[in-house]
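In the two assemblies presented below, chain A is common to both, partnered first by chain B and then by chain C.
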Partner chain A sequence: MYKFISSLLIGLSLGAIYSLMSISLVLVWRSTRVVNFAQAGQAIVSTYIAYEVVNRTGSFWLAFIVAILAGALLGAIVDRYFMRPLFKRVTTGPIVAIAPVVATLGLLGILRAIVGFIWGVELKPIAAPVSLDGYSLGSEVLPFAPYNALVILIVAIVLIVLSLLFQKTNLGLSLRASAFSPEIARLSGVRVNEIRTLGWAIAGAAGAIAGILATPTSYLSPNSLDILLVFGFAAAVIGGLESMVGAVVGGLVLGLGVTFVSNYVSTSLIFPTAFVFLIVILLVRPSGIVAGKRSRRA
Partner chain B sequence: MSLVVSNLSVDHGAIRAVSGVSFTVESGKIAAIIGSNGAGKTTLLRTLSGLKSATHGSAQWNDHDLFSVKPEFNVRHGIAHVGEGKSVIAELSVEENLHLGAIWRKNKKEMKSTQLDVIELFPILGERIKQRADTLSGGERQMLAIGRALMSRPQLLLLDEPSLGLAPLVIEQIFQTIKSLRDQMSLTVVLVEQNALGALEIADTGIALNLGKVVVAGSAQSLLNDPAVRAAYLGY
Partner chain C sequence: MRKRLLLFIALGWVLLFIGDRVDELRVYQGASIAVYTIAIGSIILLTGYSGQISLGHGALMAFGGYVAALCVANASLPLWFAFVMAALLTGIFGGVLGFAAARLSGPYLAGTTLALAVGLPSLANQFSILGGEQGIYLDPGLPPARLGEDFSQYKWFFWITTLAALITMFWLSNILRSKYGRTWRALRGNEVAAQLCGVHTGRQKVLAFALSSGLAGLAGALLVLTISTVSPSAFPLSLSFALVTGAVVSGIYDLKGVMLGAVILVIIPEIADSVASRFGDSLKIISTLPGLLVSALLILAVLFTPNGPGEKLHHLRHKRKAHSG
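And then the complex of A and B:
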């Protein structure tokens, strides 16, 4: 029972972080039809910046805010000065399908190299703002710590803010309309290019939050967030790639699945578990687990 | 006050889809543009709203040069385009589709009152207001597409085959609504149609396109009486 509850809670906090990365990939995919592999690179840059802020000021929360802003700015820059010119130049031939993949993978490599050049390759820690020591339950100490609870809380807040933004505001309507039908959005007076860049900024901010939240329980290195990208991508596909609700459900399913398998079977099965989930979903429900009448909402 | 299109040519790569087209639509009038598949009607409308760029020629709506700005800014000059094939966003609700049409105005109060006007015009949209657009029937979707365009309070409405794929009774209703937009709100309408008879019956002027060129132009009545037009487009 104790093991079950602790797996559940740890799975949720892990899944919460996957969800954010997954949302970030979904937002970009549905507005630009690009799987943004560079998101791990953007998040690593913002997380290193956060590391510097924590080092200099000692404030995790200041670093958290700075990371969000840096992530948003980077996302906007990548779209405006990288993807937009790319789509303008590359318009015909088989290269159209592959160019964005090459571009975002290339950018991931470049961002990692820049980070390695500035900060070196040794592991850097970011201290957690609250304890990493597990809660105790009678004589047992759970692996679930106040920090894990904080992660769940922050992600829940971020998700509520995002869903209010997307469902209740004019900006959210513009973002959804531009993603689902750029032409109708444009004819309705939405400045689609600017809105898309804003979408990349929001995605960048979500990825940055995932990056800084994932780091206190491990270490920072130029490729320490690559795993997060893989799980975020798997979660996005499990959720059907189009829906933010799907992204969250996919992230939670994956976080729980991975935690239960590693606690009850073997830690060496973490990666295979993710891919088993991915492949089963692709075979059984290629449009994602939340697909159905309302799946493309959110 | 008029739409003046002069010597307009538009290419799709090597294909000239619109070729030296000129016409004028007086303010508050309906111009029907008829022609069979591939005549260049859609290309013409897409060029007017700015979705497609012209190769030669010009188009003016009053003092505004339609080709000087992107489509998202043409709508700010009172020009609304309803694309071919029930142009609504399936993933959004009826209400969201309507709000989208007024989004650039950034005026919630005005948006609400315009929405009431649109629902008065198409009461069924009021009944379906919270439903997703892809749950609507074809006729309802076309009404929503027109409603979305009206939400921007346009002066010039560009309609691309609103009757496409609809039942005769619904077509009649849509045409009557277009007529009432002219008669009651003095909207100027460019109505692209393959349903030539229905379109010419409500239009003031008519233009027949073939292979991108104007073959006949004149008052709607004169087109209805023209033996060549009757044979080619009206089938009697």
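And then the complex of A and C:
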């Protein structure tokens, strides 16, 4: 029972981080039809900036805010000065279908190399703002720590803010409209290009939060977030790649699944578990748990 | 077809001749080039012809490498048989995987194969027969005695890999011209139209994925031969990315440029080393520069020669003709 509860709680906090990464992938996919593999690179840049801020000022929260802003700015820059020119330039030939994948992959490599060049490739820690020691339940110490609770809380707040933004504001309406049908949105007076860049910025911010929340329980290195990218993608596919609710559900399912397998079976089965999840979902329900109507034709 | 066979045989003689004239390091690099040629060929088959994209070919190479090493180390089978097994079993594995993945398109397949590339090597720590982080030692054996006393190990590797690469490329260039190649191209061009012409799209995609996986497995086995141990660290994620880069740089829709990509992939670490030594051997530069070069090359290739250097040259020649005429 004790093992069950601790797996549940840890799984939730892990799943919360996957959800954020998954949301940032879904946001970009919906609006641009690009799976942004560079998201891990953008997040690693903002997390290293946060690391620098923590080192200079000692404040995790200041670093947290700076990371969000940096992530958003970077997301906007990537769209405005990289993806948009790319789409304008590469319009003919069979390369069009794979150009976005290849380009974001290249960008991932470049961002990683830049980070490695500035900060080196050694593992770097970021201290958690609250304790990483588990709560004790009677005589037993749970692996679930105040920090994990904080992660769940922060992600919940972010999700509420995002859903308010998308459901209750004009901006959210424009974001949804230009993702749903760019042409019609443009005809209704939405400045689709600017809105799309804004979507990339929001996605970048979500990815940045995922990056900085994932780091205190492990280490920071130029490729430490690649794993998060893979899990975020798996979560997004489980959720159907189209819906933000799906992304969150996918993230939580994956987080819980991975934690239960690693607690009950073996810790080294984490990757295979995620992979099996991904394959099973693709075989059984290719449109994801939270199915959209559109078919899976990219 | 006979003409092409003669061409390949001639190319083999030229390579043999070159292999005799250069020093050990170059011979070793030649072997690496041959290995990358096969691996990039497998990506061109998959992406250029059938239109599927894979970021996980590094993992498939790892699969082939482990199969070969297990064959030689545990069952003490002959080397050539181990390579055949590697290609065959990886092909079957790829077929099974393709059954799930090949029904997908573009980014879905890319993400799934990415997960494979991250996940599969970590399995090596799970089963003790795979030797954990240290991996398995593959004893390549000595070159046959009748080749002479001073026939070095590296030259032996070079012979094996080059022969494999030549056979593979000959086979590949034939199959891409056959009815299968045409079917795949039709598939890539317009899936619905291909379907209307009676192409069983799902089956063809799985077939392409399986064949491509088999080639990747063979490349992995040969790679293990040249580095003599198979371990998870020999097949990092960056290997998968490098293969995609190599394929895009060589012109992903054309087999002709395939060696260009392979040569570039072998040269890049050397460039990085020489740059690093000029700036005082910093660990930072050595460990980040190859990645930076590969990625930058990938982006530049997509931007400036999206359909391969061949098309660009063709285009330029055309322009010049138009000007002079």
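The rule is simple: the second predicted complex is superposed on the first by the 291 of 298 C-alpha atoms of A that agree within 3 Å, B and C clash if a C-alpha of one lies under 4 Å from a C-alpha of the other, contacts with A are read in each partner's own complex, and residues count from 1 in each chain.
By our rule, a contact is a pair of C-beta atoms (placed from the backbone, for glycine too) under 8 Å apart; a residue touches a chain by one contact, two chains touch by 3 or more.
Being a predicted model, the structure only gives us computed values, none of them experimental.
Participant: So, on chain A, is it clash or fit between chain B and chain C?
Facilitator: In the arrangement built by aligning on chain A, the partners chain C and chain B fit side by side.
Participant: In the superposed arrangement, which partner chain does A:Ile157 touch: chain B (first), chain C (second), both, or neither?
Facilitator: Neither chain B nor chain C is touched by A:Ile157.
Participant: Looking at the overlay, does A:Val265 come into contact with chain B only (first), chain C only (second), both, or neither?
Facilitator: Neither: A:Val265 stays clear of chain B and chain C.
Participant: Who does A:Leu123 touch here: chain B (first), chain C (second), both, or neither?
Facilitator: So A:Leu123 meets neither chain B nor chain C here.
Participant: A:Ile95 contacts which: chain B (first), chain C (second), both, neither?
Facilitator: After superposition on chain A, A:Ile95 lies in contact with chain C alone.
Participant: If you stack the two complexes on chain A, which partner ends up touching A:Ile5: first (chain B), second (chain C), both, or neither?
Facilitator: neither
Participant: Is A:Asn170 in contact with chain B, with chain C, with both, or with neither (first, second, both, neither)?
Facilitator: The answer is first: A:Asn170 touches chain B but not chain C.
Participant: Is it chain B or chain C that touches the larger share of residues in chain A?
Facilitator: C
Participant: Quick check on the superposed model: minimum Cα to Cα separation from chain B to chain C, whole Å please.
Facilitator: Superposed model gives a least chain B-chain C C-alpha distance of 19 Å.
Participant: Which residues would you name on chain A as touching chain B in one complex and chain C in the other?
Facilitator: In the superposed arrangement, which is not itself an observed complex, chain A uses residues 296-297 for both chain B and chain C.
Participant: Spell out the part of chain C that touches chain A in their complex, as residue ranges.
Facilitator: Within the complex, chain C touches chain A at residues 47-48, 51, 53, 55, 97, 100-101, 103-108, 110-112, 114-116, 118-120, 122-123, 125-126, 188-189, 237-238, 241, 244-245, 248, 252-253, 283-285, 287-289, 291-292, 294-296, 298-299, 302-303, 306-307, 311.
Participant: Which chain A residues qualify as touching chain C in the complex?
Facilitator: So the residues of chain A touching chain C come out as 29, 34-35, 37, 86, 89-90, 93-95, 97-103, 105-110, 112-114, 116-117, 120-121, 222-223, 226-227, 229-230, 233-234, 237, 241, 266, 268-269, 271-272, 274-275, 278-279, 282-283, 286, 296-298.
Participant: In the complex of these two chains, what residues of chain B are touching chain A?
Facilitator: Touching chain A: residues 49, 51, 70-73, 75-76, 80-81, 83, 87-92, 96, 99-101, 103-106, 132, 148-149, 152 of chain B.
Participant: If we count contacts the way the header does, which residues on chain A are in touch with chain B in the complex?
Facilitator: The touching residues are 170, 173-174, 176-177, 180-181, 183-192, 293-294, 296-297.
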